[in-house]
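My structure is below; once you've seen it, I'll send some questions.
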Amino acid sequence: MGKLFAVIVAVITAVSAGVFIARVWWLPPDISVLGAGIDHQLGETMIASGVLFVLSQLVLAVFVWQYADAGDGRAVKIFPGGATPMVVLATVLVGIEILVLTLVGTRVWAGIFLSPPDPNALHIDVQAEQFAYYFRYPGADGKFGVPHPELIDDGNGNFFGLDPANDTTARDDIVAASLVVPVNRPVLLTLHAKDVGHAFYVPELRVQQDFVPGLVIPLQFTATEVVKKEIVCTQLCGLGHFNMRAYLEVKPPDQFAQWLTEQAAQ
Amino acid sequence: MDTLKLSPPSSPARTGVWVGIATITLSFAAYTSAMVVRQGSGADWQHVALPRILYFNTLLLLASSATLEAGRRRLEVDWALEALEGRAGAFSGPGVAWLSATMALGLLFIAGQVIAWRGLAARGLFLATNPASDFFYVFTALHGLHLLGGVTALGYVLARLRAASAGPPRAALGAASLYWHFMDVLWLYLLLVLATRL
Amino acid sequence: MPDTPAPPAVGLRETVEKIRVLKHVPPTGFLRTHVFSLDHKVIGKQYLDLALVAVLTGMVLSWLMRFHLAYPDVAIPGLGRLAPTRAAGGVMTPELYLSLMTMHGTIMVFFVLTTAPFAGFGNFVLPIQVGAEDMAFPRFNMMSFWVTLVAFLVLLAAFFVPDGPPLSGWTAYAPLSAIGKDAGPGQGGGQTLWALSIAIFCVGQLLGALNFIATTLDLRARGMTFMRMPYSTWAWFITAVIGLIAFSVLLPACILLILDRVAGTSFFIPAGLVVSDRLQPHSGGSPLLWQHLFWFFGHPEVYIAILPGFGIISHILPVFARKPLLGPKVAVACMAAIAFLSYTVWGHHMFLSGMNPLSATLFSVPTLIITIPATIMVLLWIGTVYGGRLRLTTACLFCLGFISVFVSGGISGFFLAQPSIDTYLHGTYFVVGHFHFVMGVAAMFGIFAGTYFWFPKMYGRMMNETLGKIHFTLTLIGVYATFMPMHYLGLAGNVRRYSAFTDDYMKGSLPLHRFITAAALFTGAVQLIFLVNLVWSRLRGAKAPDNPWQATSLEWSVPSPPPFDNFGGKHPVVAHGPDEYGRTGPEGDFVMQAAPTAGGTA
Amino acid sequence: MCTKHVASIALLVLATSTIAAGPAPAPRAGGINGTVTFTGTPPKMLKIDMAKEPSCEKQHPTPVMTESVVTGPGSTLANVVVYVSAGDQPGPAPTETVRYDQKGCEYLPHVAVMHVGQPLEIYNDDQTSHNIHPLAKANPEWNKSQPAGSPPIKASYDKPEFIAVKCNVHPWMHGYFAVLGTAHFATTDGNGKFTIPDLPPGKYTLIAWHERFGTQTQEVTVGGSEAKADFVFKALPY
């Protein structure tokens, strides 16, 4: 039984690790400026924890194989040095790993969430609702109209509750169902939810951020490739959660400008 | 180690009450932090003037602790005498009276709290009227419930006194009074919070 | 805590005990003996039976979910009749899927992973292990179980309200959980019942924790110093402390949630929300307040589920390795450290909740640090295996399996503990795989180990070892096949809590989801072997001796099953540590804790 | 008598269910017909952006517009429900089922008119999952999702009410159930024309309801021949 256990654990370990190493399933290609840092961080962690995983599983397997009772009544052996080497090993090994990961990781994290908004970033206002996203561009005047929840009227396309009758800044706001951005230009999103909690997740951008009702949460990214990718919700928001998505369209600057004017036309 | 000093403290009843006190403290800490967060999160906080009667109720509660202590002292003496004269405990004497008085004061306090609620309601302040009144009702109601638990405990002690079977209910009385005094302290804390934050 | 002899006061102690013995006469009549029993052993079994019912329910729910994920358009026979409005024609609607998911999570976390390892085994074993006749407060103990049962029934009632069970997940994030029926089907009566059930559950567990703590502190037999307590008792004691804090905070949270739902208050609901075209009559509440209160409970809850496992493994492994646990003091210290740290890390569930990014780092560091004591525990177990004479009984195998899956689950925590990686993995199946391994499977392995180990003591009969070993082998393979691939999905950005993968970039995950479903159904089917073994052994199993495993702790020095007052009116005196193995004693290579001969202590 | 009602209603239901711009049924003796128009500037209808749901988007070569105010030539107003609010004899509920379709992430018809207690069947003709959420107040409210290919949802309402219908999965989808206590009703077509046929002579109160502009009331006397009733709504741009 001991040998069987050892073999099973060894096989499981080999297969599990193998799939990771072979990258059968892996992150989609990164299309953002900050993605590289995250991927690097993830790779480092993968190696460090992968080694720990394989080692501990194999050691366990070997010990069980070796020390399964043969009924020979041999005397038991205490691990050389007792618990001390274990404590030292764990503390030093894991401690160093933690230190490294935290130092590196914090820099990456800061890059995403702590860096001040880029002055020439394109500001887009994002509203999440059951079960769709709507994106608002300030229009010619560069100003967003003030949203009034009581004026929200999906049936008439007034998703943000704008008041064009009285609020001149609202009249030229452009509202789209897709997030269209120019390539290689920093984008600043301000996320706010209309009803319940939602999230903004684009795996290729390596960004994910919750919408929290009552808060306006800034989020920055810079897309580096002309692509069309999916934006999906990762915060349980109700029956349509699985179907809550929008598309991210990264366009060359000129095509973006053209798109914007087309939108403004209507 | 001194055995006598250890006897009541190491009784499970007393430990249990201490653990209970920890629990109640923690949950009220949670409510308090919720209150602080809630005050910061919305601009809709409206000050609520506390009903005067709360202060009178506070006096009642403090008095009840005094009567309880008086009763406990008295009973300890009685039990000591009984032990000396080797007779079974009789369910009588001022000790019992003090305890009954304590229960009465506790119930009076709760009645007073109810009057305070009606006062607020008369001012149009209900549970959901504004966050401040939310917390007023939540705090007072929960404290009242816990105090009823204390009343029940004292009732249990009195019952044990009447039965007088398995010896004097020392541990039970000790635990009950510890809990009762904690209810006092908790109320003073809540009153402070309500008076300053609301 | 200081290593002081617990029962100092002899004279008074005797009287106290006399009183307890007087009060502690066995009940007569079926009801008092088997139903409304004050006996911790009966209550422990009741908890375990409740957990068994709950785990079967939760497992069936997960099968339905998994099947739907693999074949979203295929009708499930009979489902149409069970849920005519939510599964017309047998094909599950998204809301039904989410409801099943919510109920699966709630049932498993609260009514299985909290009841079985802590309230179940703890109730049965702890008082005997410390040498007490019963828990400190038998009435509270009985209440604890019945209150928990009521909570379970209230939760199940959500299945039968017209609107159906809630769909906001076991974390019930506000405002989705606080708004009411506008938020979707199941968010009406069902969600209220959920909140009510959890509130009641908290009360039950607080009563339990109270008992565990008081019993451990006050009712230890003479000579049962803290360092002579078995690791399982240590773990249950520490778990009780965690539980006391955690449930004292969850209870208020649930009460406030109920008030928001039924009384129109605004604790968790901010102003200006428009749900289903309706402007909500709330203002000023804070959804993050719920998240903070919930996770302040929620993360320690993970350790409420797993720490008893730690204790059970640390207790059982030496028995079958026939040698003491490596570093007893270290093990206890680690468990205490984990308990403490578990209260400093709740924010790591909220890295993406719009909390201050700086505090994310502050929550990340303790989360990573908590892996140090966890790693030490693992190394101690592996080091205990080293040089042992491993008797590979089923209980022992599940201990070894526990180590393996705990390592697998724990290591994926490295990724999620770092905000910068969590920002990619947060809402994906990586998380699902992680917590199923570490708090689902690992905790279950602890429960299995405990069951195979203590069953003889509980029912006086042995379980079938052959069936047990088959059960273990297939289960080990099954759980890895089920939960390891979820990590691959997560890396590929596959999002959790979806009832179907319609999105283009997720369609590719379907084959792997089918594999996982097959593995899950297989693993579930394997548990039938366990059920058969359980029932058969209970009725027909070989009669169990008092100490079938040649173990040392007190529960093995009393008959199987133990008498009502555990020690037959005697009061054991403890002279030895919990794992005196690998040395020559009167009955073999071990010395019982209660063995009269004074000897060295562990 | 009753059968005639039934026939005419069936016809109307058919007409409404396809927003028929075609000719309304030939006016019979004792019917009321008329035209609904508006004064002022109606709000500009916006293009609906269905980018979220490609399977629906590709069904519409020309972009779909919002339908809260649908106007016809000569500032006529479509989707106005005109019904007899007083003066007629209450009849039994028709047994024909009213069909309500979700097609290309649109509601067809935009306004479904039904008699109290009349059976209603809601179909999902799309490749995606919808949820139907009629925001009823007087009647019991429900909210069910309907995955692609699942059977029609059956329903009916017991109290007269104008019920807004929405799909949370596709927020732009908005329609109405007009539940009436009378069998005498009509919906204006693309040219703002309506015909309520087959009314016994008498004095009637007629109400015209529009989802955006509210209601208009007028008294009509039906003699032996065709009675006329025109309504004029006041339109505001915002």
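For reference, chains read A, B, C and D in written order, and residue numbers begin at 1 within each chain.
Quick note on the criterion: contacts are C-beta pairs under 8 Å (C-beta built on N, C-alpha and C of every residue); 3 or more make two chains touch, one makes a residue touch a chain.
Predicted, not measured: the structure shown is a model, and the values here were computed from it.
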*Hey, if subunit C just vanished and nothing shifted, what pieces would we be looking at?*
A, D | B
*Work out per-chain C-alpha centres and flag the one nearest the whole-protein C-alpha centre.*
C
*Could you let me know which interface, B-C or A-D, is made of more C-beta pairs in contact?*
B-C
*Measure off the straight-line distance from the CA centroid of subunit A to the CA centroid of subunit D, and report it in whole Å.*
45
*Counting in whole Å, what is the centre-to-centre distance of subunit B and subunit C, each centre being its mean C-alpha position?*
34
*Separation of mean Cα positions, subunit D and subunit C [Å, integer]*: 56
*Centre-of-Cα separation between subunit D and subunit B, whole angstrom*: 65
_Give me the residue numbers in subunit D that touch at least two other chains, ranges are fine._
128-129, 143, 145, 164, 166, 168
*asked:* For subunit A, give me the residues that contact two or more of the other chains.
replied: 129-130, 154-155, 214, 238-240, 243, 245
*Would you mind listing the residues of subunit C that make contact with two or more other chains?*
93-95, 184-185, 270-271, 276-277, 285-286, 288, 500, 502
*asked:* I'd like to see which chains touch which, written out pair by pair.
replied: A-C, A-D, B-C, C-D
*asked:* Which residues of subunit C touch subunit D once you look at their complex with the stated criterion?
replied: 72-73, 85-86, 88-89, 91, 93-95, 181, 184-185, 276-278, 500, 502
*Which subunit D residues qualify as touching subunit A in the complex?*
43, 46-52, 66, 68, 128-129, 131, 143, 145, 164, 166, 168-172, 174, 211-212, 237-238
*Which positions of subunit C touch subunit A when the two form their complex?*
93-95, 98, 167-169, 173, 175-176, 179, 183-185, 187, 269-277, 279, 285-288, 321-324, 326-327, 330, 352-354, 357-358, 360-361, 364-365, 368-369, 371-372, 375-376, 378-380, 382-392, 397, 400, 403-404, 407-408, 411-412, 414-415, 418-421, 423-424, 426-428, 469, 473, 476-477, 480, 484, 488-489, 491-493, 495-506, 512, 581-582
*Provide the residue numbers of subunit A that touch subunit D in the complex, in ascending order.*
129-133, 154-157, 159, 163-165, 176-178, 238-240, 243-247, 266
*Over in the complex, which subunit C residues touch subunit B? Could you list them?*
8-12, 15-16, 19, 22-23, 136-137, 140, 206, 209-210, 213-215, 217-219, 244-245, 248-249, 251-253, 255-256, 259, 263-267, 270-271, 283-286, 288-289, 292-293, 296
